[in-house]
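Shared between the two complexes below is chain A, which pairs with chain B and chain C, respectively.
After this line comes the complex of A and B, so read on.
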C-alpha cells in the first residue's frame, strides 16, 4: 500500500506542473498585448499602460516570463489582482470556504439521496421505483443547473417566500441565515449528480447481485436485507467510492456557474468575474486553486480505492 | 463497408424504446425549428419599444422581452444558433478525435505525446478550461466551438484509441494485412468501422454536453455575444426580470432540457444496443 501511495503522490508532481504550464499558455494566447484587453475602453495614458505592462512582466520574452512565473506560483503567489488591487492568494483564501461548503453540502445530499435511490432501483429492477428513478435521473442530467437554480428561486423565494433568493451570510451571523442561503444552491448543484450517482449505484449493484457469492448467500438462506447490505453493497461500495470522489470534482466545476446564479462570493464567482474583466493574475490563481482541490480529491479517491481493492495495488 | 458496421445490423434486430423516443424528440425539435420560420414571419432581432415585457398572448405566443423582441422567434432562431454551435463542436471533435485516436493507437511515440496532452486537458474541473480559453481569446461563436471541442476531444481520442489497439491485432485484420492491403485501407475499412458504435455513443453524449456548455458559457457572458438569440443568452437576459416577467425564463430552459434529454436518450439507447453485457443484464 505504501509503495502504491508513494508512486501515486510522486505522479502528482508532474500533473501540477502540466496544469500550471497549461494555465500559463492559455492565458497568454491573447492576440496582441493583454494590457489592451485589460483596460478595455477606458482611456489610459501611455505611462499607466507601460506601468501595467511592466507590473505584469509582459515586456520580457515569454520564456523568461514563464521561468519567473512558475517558481513564484508554485509557492502560491499569483501576484496582485489587477481589479481588487490585493494579493490574489488572499482573495482566494477568503472565498475558498464558500465554494468548499457549497460543494461539500451538495456531495452529502447527493450521496444521501443518490445511493439509496440506486440500490432501491437495482433491487426493484423493472419496477415502479426503477422507472421513476430513471425518469428522475434522466431529467436531472438534462436540466441546465443554472436554469434549475432560477426555477428554484422563482418557486421558493419569489412565490412561496420560504427562503432568500440569493446572497451570502457568513456563519458569524448565525447558522440559519447561513444555511437558508445555501439550501437552494445545494439543491440546484446536486440534482444532476444525484441522477449520475443513482445510475452508477444501480448498475454496479445489478452487476454485484448477479455474482455467484450473492446467489450462494441466498442459497444459505440468509435474509434478503442481509444479502443486500452485507454481501452485495459492501462489494459495490468499492465502485461507488470512486463515483463519490467524481461527484466532488463535478460539484467544484458546477459551483462556478451556481455561485453566479445565487450571487455567492466563492471561488467560481471570482473566476468568472476575473475572466470577464480579464484580471489575469486572479484568473490564473482561481483556476489553479480550484483545479488543485479537484486533483487532491482524485488522489484521495485513488488511494481509498487502492486501500479497499488490493488488486489495484498489485496490478499494473 | 456498410455491412461491417456492427451497429446497423443490431439496429434492425432490436427495437429500443430510449433510442426511438430520443430520435423522435430530436427530429421534432429540428423540424419545428426549420418549419416555424417558413410558416410565420419571425424576426428574432426586431425591436418594438411599444411592446416591452408583454405576457404571452395570441400575437406573441411566448411574450416579449425587455426590447419588445418576440420570445417565440428568439426561441426558434435560438435552436439554430445553439444546435449549430453544438453540432460544429461535435463534428470537429469527431474528425480530430478519430484521426488523433487512430494515430495514438498505432505509434507509441504519438501515443505518449497525445495521451499526455489530452490527460492534462481533462485535469480541469467542469468547464473551467473553457472559461479560461474564452477569457483569453474573447467571446465569439467560433471560440465557443473551439473551447467545447478542446474539452471533449480527449474522450473521443481515448475511445478510438482503445478500439484501434483492440482490433489492430485481431486475426481478420492480420489476414487482410497478409493479403497485402495498405495501411490506410486497412485502418479505414477493417479497423475503424469497429469503433463506429462506441464513438457514436460518445458523440451523442458529447453533443448534449456541448449544448449545456454553450448555454452555460453564454449565461456567464463568455459565450455568444448579444444580440445573438442563443438559449443561454436568453436565460441570462431573463434573470433581471425574474420577478416581473418570469415567462422569459421558462422557454429557453425547457428547450435546452428537451434537446439535451433527447440526445442523452439516443446515447443511452445506442449504448444498450451495442453493449451485449448490458443487454444480458436487462434480459435477466
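After this line comes the complex of A and C, so read on.
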C-alpha cells in the first residue's frame, strides 16, 4: 500500500509540469493585455504604455518569459498581482479556504445523500423511492447550477427570509454566520452531483447485488444490512469512488460560477475577475492552485480505490 | 462450541400432509421436500421451474441430483435456503427440516438456519468469495452471526482449524489473504470451510462444487467432501450434471428433467438398471474408455431441453424419447412409480422397455 502511494505521488511530477505549461500558454493566448486593464480610463501616451509593458516584462520573447517563469512558479512563487500589487500567493491563501470549504461541504452533502439514495433505490428497485430518486437526479443534472442558485436565493432568502442571500463571513464571526452563508451555495453546487452519484450507486449496487458472493453472504445467515453494506457496498464503492473524484473536479469548476452567484470571495471569483483584468500572475496562480486541489483529490481517490480493491495494491 | 440453538418446534405439522403420491421417503430424513413448486412470471404467464418435487434426504446420506443445465437443480437448492432470486417465487409445497416447514419461516427466522444448520457451496469458487474481503473475515463472519459469544481470537482459531481440516497448509497465514491470491482449488476449499465452520451443519447443499475445477483438483475436492461428510454424518445434497461425480460419491441419485424428478434410485441400481429413457440417454452419453469413437460420434440425447414455458402436454421428455407412444405419453403426465423397493421412475412405459445394458467401456 505504501509503495503504491509513493508511486502515485511520483506520477504527480510530469502532470504538474504539463499543467503549468498549459496554464502559461492559455493565459497568454487570451487576447488583450494587462496594461490596458491597469491604465483603465486614464489617457496615457505610447511611451508610458511601453514603459509599463517593459516593467511587467511582457516585451521579452515569450519563450524567455516562460523559461524565467517556470522555475520560479514551481516553488509556488507566482509573483505580484498586477492589479492588487500584492503577492499572488498571499491573495490565494486568503481565498482558498472559502472555495475549499464550499467544495468540501458540497462533496460531503453529495456523498451523504447520493450514496444512501442510490442504495435504497437499488434495494427497492421499481419502488416509490426508486421513482422519486430518479426524478430528483434527472432534475438535478438537467438544471444549470447558476439558475438553481438564483432560485434558491429567491425562495429562501428573498421570500422566506430564512437565510442570507449572498456574501461571506469568516469563521471568526461565529459558526452560524459562516454556515448560514454557505448553505445555499452548497445546495446549488451539490444537487447535480447528488443525481450523478445516486445513479451511479444505484446501477453499480444492482449489478453487485446479483453476484454470487452476495447470495453466499445471505446463505451464511448474515443480517441483511451486513450483506448490503459490507459485502455489496464495499465492492460497489470501487466504481462509485471513481465518480466521486470526477464529481469533485466538476464541483471545483462549478464553484467558479456559484461563487459569483452568491458573491463569495473565493478562488473562483478571483479567477474570473483576474481573467477580465488580464492579471496574468493572479490568473495563473489561481488556476494552478485549483488544479492542484483537483490533482490531490485524484490522488486521494486513487488511494481510496486501492483500499476498496485489494487487487490494485499489488500491481506492478 | 457445544452451544446449539434449538429450533423452535412450534410450527411442527406432521409430515404426512399432502399425500399426493406414494412417497419415496427416507427412513430418518434430514430434509423432506413435498410437492415443491417454484414459478417465475413471464410474458406467457407464470412458468413452473420446479413442478411438484418430492424429495427426501436421510441423515448422513449423500443424495446426488443430476440433470442438464436449466432443469431446475439450482432453483431447488436455492429454494431450500429460501434464496430464490426475484421475481421467482415458491408457489406451493413444504420443505420440512427439523420438524419445521422452512417455507413458513420469515427471513428473520430463516437466518439462524442459514449457514449454521444448512450450508451451501456454490459452483464458482471464483465468484462465491467476496473479492474485497480477506478470507479470514469471510469465514469468521459466519461465526459472528451464529456464535456471537465467541471472541474474535476464538473465531480465528476455529477458522484456521477448519482451513487445516479442508487441507490448506499454513492456515493461519491464509486468513489474511484475499481471494485473488489463491488458486481455484484452494478457493473452493475455503468456500467449503466457510460453509462448515459452524460445526453444526446438518445439511450441506453442494451446487456443482467441482464443475469449475480441473480434473485432478476435482478428485481432491470430492474426496474432501466424502471425508467431511463421513466425519460429520451430514446429509449432503450434491447437485451436478456429471454422472461420474455421482458414481464416485453419492449413495442415492435423483434424476431431474424439466422441473420434475424422473427417476430416483440407489446409485448402484441406477447405473445397473436405469429405467427412465432419459437416465439411459445420460448414461450412454458418458465418455467411453479405450478405442475412442471419433468426436463426431459421441452419443448424445437427441434434441434439446424443452422450454419451460412451452412444455409438452404429457411427459415432458416426449419429444426426445425414442420410446414414446402418441396415445399414452402425449396425453398425461406419468406419475412417479415404485419399480422395486427404493427405486422410482416417472415413465408410462417402464415395464415395457427393453432391458438396458451399460456398455462395458463406459466408465462412470
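One rule holds for everything that comes next: the second predicted complex is superposed on the first by the 287 of 316 C-alpha atoms of A that agree within 3 Å, B and C clash if a C-alpha of one lies under 4 Å from a C-alpha of the other, contacts with A are read in each partner's own complex, and residues count from 1 in each chain.
We take it that contacts are C-beta pairs under 8 Å (C-beta built on N, C-alpha and C of every residue); 3 or more make two chains touch, one makes a residue touch a chain.
Predicted model only: the values in this text are computed from it and were never measured.
In the three-chain model built by superposing on chain A, chain B fits alongside chain C with no clash. Seen from the CA centre of chain A, chain B and chain C lie at an angle of 80° in the overlaid model, rounded to the nearest 10. Within the superposed three-chain model, A:252 lies in touch with chain B and out of touch with chain C [touch as defined at top].
Contacts of A:80 after superposition on the shared chain: neither chain B nor chain C is touched. In the superposed model, more residues of chain A are touched by B than by the other of chain B and chain C.
Contact with chain B, but none with chain C, is seen for A:290 once the two complexes are overlaid on the shared chain.
In the superposed model, A:235 makes contact with chain C only, not with chain B.
In the superposition on chain A, A:207 makes contact with chain B only, not with chain C. When the two structures are aligned on the shared chain, A:55 is found in touch with neither chain B nor chain C. Once chain A of one complex is fitted onto chain A of the other, the partner contacts of A:180 are absent, as it touches neither chain B nor chain C.
With the two structures overlaid on their shared chain A, chain B and chain C come no closer than 8 Å at the level of C-alpha atoms. In the superposition on chain A, the residues of chain A contacted by chain B and by chain C overlap at 210. Of all the residues in chain B, the ones that touch chain A in their complex are 116, 120-121, 123-129, 131-138, 208, 212, 215-216, 219-222, 232, 235, 238-239, 242-243, 246, 249, 252-253, 256-258, 260-261, 264-265, 281, 284. Those residues of chain A lying in contact with chain B across their complex are 15, 18-19, 22-23, 26-31, 37, 138-139, 141-144, 146-148, 150-151, 153-154, 158, 203, 206-207, 210, 249-250, 252-254, 256-257, 260-261, 271-272, 274-276, 278, 283, 287, 290-291, 294-295. On the side of chain C, the complex with chain A involves touching residues 78, 81, 83, 85, 107, 111-116, 119-120, 122, 124, 127-133, 141-142, 145-146, 178, 180, 191, 194.
For chain A in complex with chain C, the residues that touch the partner chain are 210-213, 215-224, 226, 230-231, 234-235, 238, 308-311.
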